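For clarity, chains are labelled A, B, C, D and E in written order, and residue numbers in each chain start from 1.
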């Protein structure tokens, strides 16, 4: 069976994040068709995700964005996130939000690395979520971070 | 009659919170079936809770999360909370949000203890809410805290 | 005709606010049946209010809560308020939110007094709203405060 | 044809804002019937507006409020505004929000003046919006302020 | 085939932003009919956009606004943005939000220039989005800014 995964990306981002998803799926996915939707900025992502689900029949969506470093950009990211959560509630489908804030990296090189890792890892998470609700359970509670070093599990 | 309680947890959390729910239910619950749903992070919890209710027929859900200490983590927690409230309004089911902020404890040991107590107590609250709308009324107005010392009742 | 008024309260609050509503209704109300719903904390109030309206047929609801003094408590109150407004829009029923912030009083005695007055006054407001949309109009624009001294009307 | 305009006001406000709407409509409106709905505070306005539209058949609503000067009051105003926007989206009707913050005026006299002007002007805007979607277009982009001096248009 | 593009603008803005959309469409668009809706301020935009889509059958909408420099204006912009995202989710249509904050330019001249560029560019983005979900894909991940200098793509 072919799974259809939606990928929404933006002109605003400074890294071609879609390409990273494509790489991850090509490395690890089998029988996956990617559907891309490009919009100007992150606030345009929620409706693009909804259209990928409702009009293009995607089972899951990866929303790719790169908010800028200013206060206003943080607010845009917040608004986009609220919208992305709403789309999930309206459709009962997961949307994995992959936002990399431009001030997360100390330079372009590091920013690219964080972006690569987070995007790649979330593409794999999407594959797992398609397998079912407990497919990620063995990784639960382990302080796993996408794009940064894992923090690990705390035992009693 | 068997009650079905949903438990949504995350890979991001640093404590295996699901295990604590399981312990509480095993200590105090009778005829309860737990249904687990694991997602990457707290912003993925709302739709997981909704699916537990609508697709797995859970009567009540416990949403387990452990937001990080940074400002962005606080914002994610806020967005997740708004989504969790919305799911409750869309389904007329309770979702007990058990969020432990990583900066609540002064070290890992204390963080684990707060997490244990809050999660355990809310699992018992879930059992009570299944009994009906006044099952918790004798505890009302008593300054009860899950995970911290109770503050107690103020009389005239 | 008997009116059914819902009252949602929390374990978190430090004052038995339900008792104050009961006193106010007993002092001034005629033909009123109170329906109580107790939940752990304020974020559990929105769905409790919705269930009081939709499952218990309450015509109006009083939502009682006592947010703590920390920033996180303020955020919980904000999230609860947003949910309470949404329930009203989904049901076309009023929900009078009676939130007393723990840092409103300089000591327990004053906090109790504010809580008593605000809760009592809003219970009476609920009775008035049941009478119709202009029942409170003669009090409009007069700077009326529940739990604090009224500020009064400003004339030209 | 008679137009029905809803006016929702509060006990919290310190100016009788309804009276100002009445004056504006009496000065400039023809064939208008005002429907009033008074609630305790601004967070009660959204559902009152919805009921004016859905139960009293108002074509447009003016929501009158006067948020206090504290941080908590600003948050209440934000919550009320979010609710008022939602009502508009649920009903496809305009609700003109006339909020005057108590710290906008340096004294009661100035506060009254701002309130008078903003309320009066928005009552006229409501009349215009009833005429159609381009009735205000000749005033677009001109930096028009209700209650304060207009800022004017910037040309290339 | 004629496409119908909605344009919602405000009296509050200090630049005639509609005129800029008209210029862009006249320069680059073929077979486009513009439908204008003017409202007092940005918080009135969401319902105007919804009416343009649902009552006037616009396929896409451009929402033009110019938030003031104060904290309260930032909050209004946030509320308007949340509403605009909601309208998109309710209608499955794009609404390109073109907000220019009055403090973005160091003087009127610069503010006008930013406004002109951002509005013009987003009008062209609207035309592209009408072509389909991948029409903007060749511009993805390139750090494109409307109204400011592009930031460019970061490669590995």
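What we mean here is this: a residue touches a chain if its C-beta (ideal position, glycine included) is under 8 Å from a C-beta of that chain, and two chains touch if they have at least 3 such contacts.
Only a predicted model underlies this, so the values are computations on that prediction, with no experimental measurement involved.
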Shortest contact path, chain A to chain C, counted in steps: 2
Same-site or different-site touching of chain D by its copy chain E, using the half cut: different
Centre distance in Å when chain B and chain C are each reduced to the mean of their C-alpha atoms: 25
Where chain C and chain E are represented by their mean Cα positions, the distance between them in whole Å: 41
Of all residues in chain D, the ones touching two or more other chains: 82, 86
Topology of the chain contact graph, where touching chains are joined (line, ring, star, complete, other): ring
Touching residues on chain D, where the partner in the complex is chain C: 9-19, 35-40, 43-44, 46-48, 50-52, 54-56, 72, 75-76, 79-80, 82-83, 86-87, 90, 108, 111-112, 116
Complex contacts: residues of chain A adjacent to chain B: 74, 78, 81-82, 84-86, 88-89, 92-97, 101, 122, 125, 129, 133-137, 139-146, 151-156
